[in-house]
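The chains carry the letters A, B, C and D, assigned in the order they are written, with residues numbered from 1 in each.
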């Protein structure tokens, strides 16, 4: 079901890789709602991924750009405005990568060059993208920028490592730049804090499936899917949310406001009651 | 501009009084988006207000109900389901009143009967409304309930008095009941924390105009209007936000994420620099 | 080990019942730190409990008062100031009770008279106590008031029921009154959000032991005990925290900032891996 | 007045420059409470500052270290443990610097090398310091680490620039590492979010005096001073706060929980009423 919510709007989508990517689903959904788009990712990701398929199905242009490179971003915005023959209405930033996570380096043994890279790729790229857009006056008044975040920015999850710190900066940049871009061009900037989602990126994290099971049982509405996240993004790109800015918006079936659900506790309890599970008693492990 | 976002949906709107009311604007906006509605308020408010005008313009039914009376609420939901020949998809709760505020009783001299009334009218009515709906199975699966709140629930504003405590309970009820209604019927419950809005209710608060000026200068996008709040409500009633629940969502042009804006500081500074304003030096008042 | 942190200070402790009560431990600790105290609880609790034992061991006076009765509170503060021959420096409010919880009435079938009682006993009593103290000018400048809260005020825990809403009001009152009492008499008001603690009150909650196990494994430092809470209270009563006010302070071994720990996830995982535990698969229960 | 709260404890203080520094006051206060300390700062800061004066008055050792250099940190911890003939109980991190702020480069024209430096100096140094300590097993069990933060991590203040993002990472690191160091060695890690304080560092920010005036009038207890912050730090280093970890603790006279005070509003109002101040009407500037 589509509503023409984004009819006449033009956007850039950062970070689609394959059909599991949230960014991919956002592009499809925005297309269905009437938007025109440019899709972008790093040259390597474009070569290895299936982005041309998405470009075709949504009638989008594909422009490679390394989001950590201001030069690439300048080229991206220039080409996009040329292609659109006009300015941009919305941008999705769905980018995150930690070399420390990839190389399984634990948080108390961080490689600091990698840490800097994590921050650069996953958070400073958000600033670079916005600053470049603003300098080039690439966004229409009342435009909307959304970054994808995760609750690790507020609460520590083991194995999430330095990505937690990166998400904290990402959300901070949304506030800091949301103030400036808002007062000068009425552009709003928000982050969506999404349920853990079994994308290619998410699946790399150790213990991810057990976490997904836990959050599913904790969340009264269950985990939010990528498709549902795409629906939510569309509302934030639309003209119906013009005064929402500098917010981190949880899209997680209620998980963020749960302390303990009956379903999760019941499941947890099994591990305490089951004899086979008693080999790891509390205070002894 | 309308999108048919609520086509086929049925709702109840609590708390519209006159054309300045946010609830009034929500009803108009939801109507434009294709919804059918029942409007409700206390019998007195209906007699004194202009609700019949809204009922006519939106083709809505008008059913009086005191939201603190479970009996009235039962009657309301029964009549509504009868009129709709079916269940309800969304509910707006826009109700708040403090006898202590009305009678200018300060927070350190509260009348406790009045305090209880403040809580009953402004917060427990939210619970009663939801509990009644759930007991009567009056809401469709994936229905959406929204309550209107204010940042006083998190940060103290002088003169806002016991309404701050009432808003804190309101938001807590949204979480507590959001868990239960979510897990059992997938109904989501959220609150919108709206900019100060010059409604009939808001205007009663002392110093309200200066506050409006301050928040206007603090918020990068300016205060959110009632009309914009109606737009936002529509997204929360729509099928595009199905996994957003138990959240308090700031709709305030960025105010909640501001510490100090240049515009507000510049204005404040005038009071420090202006000689006529120096009659009230700091630490001496 | 004692430091004379409260030497010369006088306080009132609300809510000690027996040696498991946090309030009991606070009284002992404050006594060890040099404070003089009045202990208070309802006449019934005093008759049924062992408060006289604590009064003796700490050299405290015992004055019965129902904290929901302004008259009782007036009597309490009058008698206390008389006994101390002076004003009071600190107050602990450790009071909470829900008739709905006691009678096992679920949150979607609340008895509203009981709900009002829950709020009156567990939250409005905090306001009544502070308002009475302020009206009688019973507190010294830079005095300190602490209320005991729980994370249910922010995140829903099943079975915690309307106590969650009561804690939300309690914390709101700390802010609202903290502003007024602070600006006028420099009295600070805070709440401590304590780990679940196996007191007489806590043990009534269903599934409490499993919850304690879970929070123990989630919290990097383990659950905070009542004795540790007493230590923390002492710092908040001391002159070393004079500018901390209107805050809700988590004292929970880190639980509130955790999304998922390895210890808790490992335990949870057992329930998924163990064959005997597979009788309750996700999405089927 | 001293209590021997830190008797027998050993600590390292990062970031004291002159007698206005908060770190300076913390060192004095910790000394008065019985602690032994090592003072550290960059070689340049030590040469230009008056740290030897503090070292003398508190009987502390002075060991230069650039907190962004792991090598320097290793040397610092090695020398410190040698000097103490044992491990360390507490650490204060009071370090922050933004080349962008220094060079008056606005947030929408950031130099990204400088941005990286801001993050490295003001936040990653916190991680480096903790990681080095943990690898060298330099802290005693139940040790305490405190970093100084500012409310800009949550709410945007104009001119605070990329320091806001740095403080967001700092607080995130406190959580992320607080989990790991807590579960393994019971070391707790917290940040104190302090009122704006007229230190040498703070005074560089444009409009700082007007901001100080505003926060003074907003905070019911007034701004917290550096001396008061030192008192508060002492409680966090002491054994009385063992289960407080992964928290950001506001020490600000109540500012963080205020929406609007009567004092600040009255002052602001003057700027609206005064004729000379009307030259900058709202919506026209």
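Just a few scattered comments:
Following the convention adopted for this analysis, a contact is a pair of C-beta atoms (placed from the backbone, for glycine too) under 8 Å apart; a residue touches a chain by one contact, two chains touch by 3 or more.
Quick caveat: nothing in here was measured; it's all calculated off a predicted structure.
Touch-path distance (fewest steps) from subunit A to subunit D is 1.
For the pair subunit B and subunit C, the CA-based superposition corresponds to a rotation of 180 degrees in steps of 5.
In summary, the interface at B-D recurs among the listed pairs A-D, A-C or B-C; the equivalent pair, sharing over half of its contacts by residue number, is A-C.
Rounded to a whole number, the gap between the C-alpha centres of subunit A and subunit B is 30 angstrom. One finds 39 Å separating the Cα centroids of subunit A and subunit C.
Counting partner chains per residue, subunit D has residues 155-156, 158, 175, 178-181, 246, 257-258, 261-263 touching two or more of them. Contact residues on subunit D toward subunit B in their complex (touch as defined above): 151-152, 154-160, 207, 210-211, 213-214, 216-217, 257-263, 265-272, 274-277, 280, 282, 285.
Touching subunit A in their complex are the following residues of subunit D: 70, 106-110, 112, 115-116, 119-120, 123-124, 127-128, 131, 134-135, 153, 155-156, 158, 161-162, 164-165, 168-169, 171-173, 175-181, 246.
For subunit D in complex with subunit C, the touching residues are 1, 3-5, 175, 178-183, 186, 188, 195, 220-225, 228, 231-232, 234-235, 238-247, 249-254, 256-258, 261-263.
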